[in-house]
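Next come two complexes, and both contain chain A; in the first it sits with chain B, in the second with chain C.
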Partner chain A sequence: MNSTMTRRALAGLTAAAMLLASCGGDDAATTTTQPSATTGAPVTEPMPETSAPETTVGADDGFLTVPTEFATIQEAVDAAAEGEIVYIEPGTYNEAVSVTTNGITIRGADRNTVVLDGQFELENGIRALGSKDIVVENLTSMNYTKNGVFVTGVDGYRISYVTAYRTGDYGVYAFDSVNGQIDHIYAAGSPDAGIYIGECFPCNAVVSHVVSEHNGLGYSGTNSGGDLYIVESTFRYNRAGIVPNSGSYELCYPERQTTIIGNLVHSNNQGDTPAIDVALLAMGNGILVAGGVDNLIERNRVWDHDKTGIGLAPFPEDDPNDELPTQEEWDLTCEESKQVAPVDPGGAIIWDSWFNTVRDNVLEDNRQADLMAASVGTDVSTLGHCFSGNTFTTSAPNAIETLAPCDGTGSGDWMDNFYNIALWLTETPPPSVDWKVAELPALETLESMPDAATAPAVSAAGGPAALDLASIGVPDKP
Partner chain B sequence: MRRTSDRSGRVVRRGFARRAGSVGALLGVVSLLGGCAPDGPTSVHQHNGGVSIGQPDEVIAGPQGRVPQFVVECAYSHAAQDDPIVWPGQPGMSHLHVFFGSTETNASSTTADLVAGDSTCDNQRDRAAYWSPALMNGQESIDPVKSTAYYRPGIGVDPQIVNAFPEGFTMVAGNSAATEEQPVSIVAWGCGAGIERSALPIDCGGERNLRLIVTFPDCWDGANLDSPDHHAHVAYSSKGVCPTSHPVPVLQLQFAVEYDWATDPTGLVLASGGQHTGHADFMNGWVQEVLETETRLCIHGEVVCGIASGRTDG
Partner chain C sequence: MGVSDTGSRGTGSRGTAVGCTVWRSRRVRAVAVAFGVVVTLTACGADRDDSLRVTSVAPTTTTLAPGETAAPVETFAPNGETVDVLSLDNNFIVQHITVEAGTEVHWLNNGRNDHNILPADDPEATTWGALTEDFAPTMEYSKVFDTPGVYVYYCSIHGTPTAAMFGSVTVVAP
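The block that comes next holds the complex of A and B.
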């Protein structure tokens, strides 16, 4: 009996005992697993202690199967070794899984019928803490008071073919983590963002083939950037679509160097979502850089917004934890910036957006302006933004591509159709709706990963798959 | 201009804080000499004015993320003139408190009651009772908005040696009978989730809510779940080390209450009296294994398990 088989035999006995006893694990993050009758999933019979020879607990194939071999996902995760796959069979699992092991994959057999359900009591569906090379794929995570999937302090992560639905904070949340890939996600029903990457620079991360809707924000990234790409995704029916932003309540400010290419961004005016205050403030905008620096926004199709299609805006922070970083500090890595001591600025601060590039996007029916650049108290012409090659009708200020071309010198009157963004503070958008009961689209059957039952683990170490940015065009309207 | 890593720019009333800390240490020693019953709440309760032993080496403020933490945000539960730590079994004897976390808290609550009850917290398995004095505008209590509990290692304390609070553990921080400013490192006022700290309530300019921020001791005597003055069984670490009298490093709880008040605080008083009497109470009603798991995963694991952004539900 090799070590894996030994471990599985023991785990099988434990699983049987737990099923018979109908009690939870000793880890606070786990509760009893209950394969669902409603999903049509097979219900695994308890395994009598006397019938758990090693031959019945699975081949040594690198798959640790739940619940056949392990009663709970947490047990399997705790037993998994680097390179192994925790393979979850169809069913509903009322668990909050914590991962501290390096190099493991947590995979559902089917994205739509493997459901982690927090029942509005548990905090995170799957939470990876400080580990390296973690993969979560092919499952649904719903009804958690915090996040569907959360990685923090992780180096190397891939979250793929995951549905995050009705969660109290974010759908998919990467914090202080680098070398990541988030793809083929459906995220709906979070008051903050469906997808969030925060506090990393350089992040070296990719968000691709995501659909994020009915959230406060489709995408939010606070103090993140540097080799961070949001591509070929759809952000629709949120309060606001894609909102990179800065804030001093967490580290590594400002947000900078996020590349946003080839996305469909539309109809982000949704007033019946749960929403944090920032989402209320940003409501009605497609892509809104809120106090971000040196971002590239290119080849996106953006339409149907009550305010702006692509806006470069200031972001007020009424209760800051530091003074604004100097431009010299923009070059610090996240780790370097953590060594800089904060200074009480003595009052509110305003994060201006600086040096953003907006080119070759296609915009229509953004009712206040297709393209916008604004500030409060700073001359917008000095912020270093540029606009070129966009297909658009309206801008604020007018003729924005003449004022601030990406090649050559601008000319014109920056006060012509000056955008008074301070008016946003005077508006009263529809209030937030409780995330637990907000109306959401019913979950449809979504694409699962290919060959879940047989595909070998693919390491997330080393970061995301290479992108061919040049091959990404402006996407067609659906 | 590049800033340095010198942390002296923070708002700290160091001179007074040191003096108060010395007095606190003396009082603490006196309390310890008075003796404590082991393994359970004591039957003798000092009702007013206990003082913490020591104080944090510096004010804990600024961006989150430099040290490991987990955070629990709790909605306001209820108000009552009850205090199950200081006036156990005697309803109506206390000044008015505002309660967060456990929905069960009353004058007779035990930690077992709390664990068996419900919670207003985003982490439903944090059923601890947290409370502070009501903030009064004349005869009216100002509605609290929510509380935020930050759990971290004490300043400079090795995260690996930090322990979860034991079952049944209670403590008080801040002096409910103070007649002058307390150390800002223990009791402070701020605005929203910002860095600003003051010994007295401040005008938050209309945009941000006033917060009371109380930092609890992070060292325990290892024997007593409470003490007659509800302070003497715990103390603050200094330079990353717990005193020999209280050798067990425990989580450092920083507890903030946000009140629905954003303008001139002149005339506001705490229900415990004046503006100097800021304090807060904690009864451990966590599902114990959850508290221990969070301590292990987040504090020993040295990761940030949560951030309180100040970006609130709209």
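The block that comes next holds the complex of A and C.
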């Protein structure tokens, strides 16, 4: 018996013993139960009889099955070797899983019935820290005080077919991590962002086929960018939809070079969500670049917002940790910029948005302006934005595509319908709602990954799958 | 002294040379803070306390040989000096510092996320440190390190004692 089989056999015996012990009713720090409707939790579909792969306890098949072989997800993760799959059978797992191993996949048998439940006490459903090539797929993570899935310092990650529901910070949170893919996510009920990618440049990451709703922000990306794509996703019923942003409360500023193409962004005026302060400030906007640089926003459909459809705005930071980076420093990689000493600016700073391109989007019913560019204290005409080919009715300033076309020279009066964004600071949006009790849509049965029981592990080490951006059109309204 | 003194990439182009940076947050007393690079304040001029050193070098520990006995623990009175560590999202800046015994280390959560400060050998923070509820954004924590040694700490939300959001205070005898 090789070492892998030995540890499996031991783990299997342990699992069997624990299951037997659980019949006695003893509580354990980590428990596994069948999915059930509980207060504040969604009603899940009846469990299938079984969807475990055809495997036997101790089989050296690359699947470490929970709880058949390992009593807990954490035990299986700790036992997994590079290239192996921690395969979780249907059930509810009250665990906070920590991953430091390289090259493993954590996979649920069924997205809807494999539920990690933090019970409003545990911090993160799955946290991968400082490792490489991590895949999390086909499960639900809910009721965690911090994040549903959290990767930090990870090189190579893929988070797919995951539901992140009712979490205290973010749904899916990728921080200081590169070469990633986040796809087929449903994220709801976070005060910060349903989907977040921050502190990376170049990130080399893709967000696609995501639905993010009833969060403070649908997507937030602080100080991230560089080969970062947000495509073919839906951001709706959040306080604000897609918000790339800069700030010195994280490293690697500013946010820059994010590509946002082919998304449905609508109805982000939701006043009954949990919300951090930035979400309160940004409420009522579809795509809002807050202090971001050189982003491309193209072929999105954006409608039904109390403020703006697509806004290029400044972000005020009243207690910054550093001065604004110079334009020369915008080209520094994240690792390079970490070597730059901070300098106390001695007071508030304003992160202006610069050099953003907005074209070929379709906008309607954004009540203050479909398209907007603004600043506080800087002549907006000098910020280098451009707008072309958009289908829209209103803009601030007026005739924005004439003022700042993407091809040719602009002309006109930038003060005509000047957008006074400082008024946002005087408003009082509906206060944040406690994330533990905020009203959320009941979870529906969501698409699972194909062939979960048999599909081999696919490494995330190579970064995201290639995108065919040219093939992405403006999506139709649902 | 510049940022290249440590052999780092030396890309800094803002403000004062790193070794001479004085970080003065409105909520923080006058302190010396650098950014991931070795800072030796002795090189910064006469207005510096030459005893303070802030470094980015990861700490090392010494294991006693069999039969070797540890020297008596010596403690030192507060020396009136303060060194600040910023807690951002999700980094301790400066991550690894060296101070003389008797120095107060002061942490400020100037990020937007909750954090905590947990000693690696005391994750419940019963001896020192700050739990999450005591270290939310804008909150502060201070401790005078009076005994030489290496004190590794971390934020359990965003790191472990050896990865991501962790740091150390190396305390040396004056």
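The rule we apply is simple: the second predicted complex is superposed on the first by the 436 of 478 C-alpha atoms of A that agree within 3 Å, B and C clash if a C-alpha of one lies under 4 Å from a C-alpha of the other, contacts with A are read in each partner's own complex, and residues count from 1 in each chain.
Everything below uses one rule, namely that a residue touches a chain if its C-beta (ideal position, glycine included) is under 8 Å from a C-beta of that chain, and two chains touch if they have at least 3 such contacts.
Just so you know, these numbers come straight off a predicted model, no measurement behind them.
With both complexes brought onto chain A, simultaneous placement of chain B and chain C is prevented by a clash. Legend: residue contacts after superposition of the two complexes on their common chain; A:Glu336 is shown touching chain C, with no touch to chain B. Of the two partner chains placed around the shared chain by superposition, chain B and chain C are both touched by A:Lys146.
Touch criterion met: A:Tyr249 reaches chain B and chain C at once. In the superposed model, A:Pro431 lies in contact with chain B only, and not with chain C. Using the contact criterion defined above for the overlaid structures, shared-chain residue A:Gly221 touches neither chain B nor chain C, since it reaches no partner.
Once chain A of one complex is fitted onto chain A of the other, the partner contacts of A:Gly292 are absent, as it touches neither chain B nor chain C. Shared-chain residue A:Gly130: touches chain B and chain C both.
Once the two complexes are overlaid on the shared chain, A:Gly194 sits clear of chain B and of chain C alike. Comparing chain B with chain C, the partner in contact with more residues of chain A is B.
Stretch 6-14 is the one of chain B that runs into chain C, the other listed stretches 6-14, 78-86, 132-140 or 222-230 having no clashing C-alpha atoms. Counting contacts by the rule stated earlier, residues 98, 100, 123, 129-130, 146, 152-153, 175-176, 199, 222, 247-251, 276-278, 319, 321-322, 326, 328-329, 338-344, 346 of chain A appear in both its interface with chain B and its interface with chain C. On the side of chain B, the complex with chain A involves touching residues 1-7, 9-11, 61-66, 122-125, 190-196, 205, 207-208, 287, 289-290, 292-294, 297-298, 301-314. Looking at the complex, you find that chain A touches chain C at residues 98, 100, 123-124, 129-130, 146, 152-153, 169, 175-176, 198-199, 222, 247-251, 276-278, 319, 321-323, 325-326, 328-329, 332, 335-344, 346. Considering their complex, residues 26-29, 98, 100, 121-123, 127, 129-130, 145-146, 152-153, 168, 175-176, 191-192, 199, 216, 222, 247-251, 274-280, 318-322, 326, 328-329, 338-348, 429, 431-432 of chain A touch chain B. Interface of chain C with chain A (complex): residues 3, 8-16, 18, 21, 23-27, 33-37, 86, 88-91, 93, 110-114, 156-160, 163-165.
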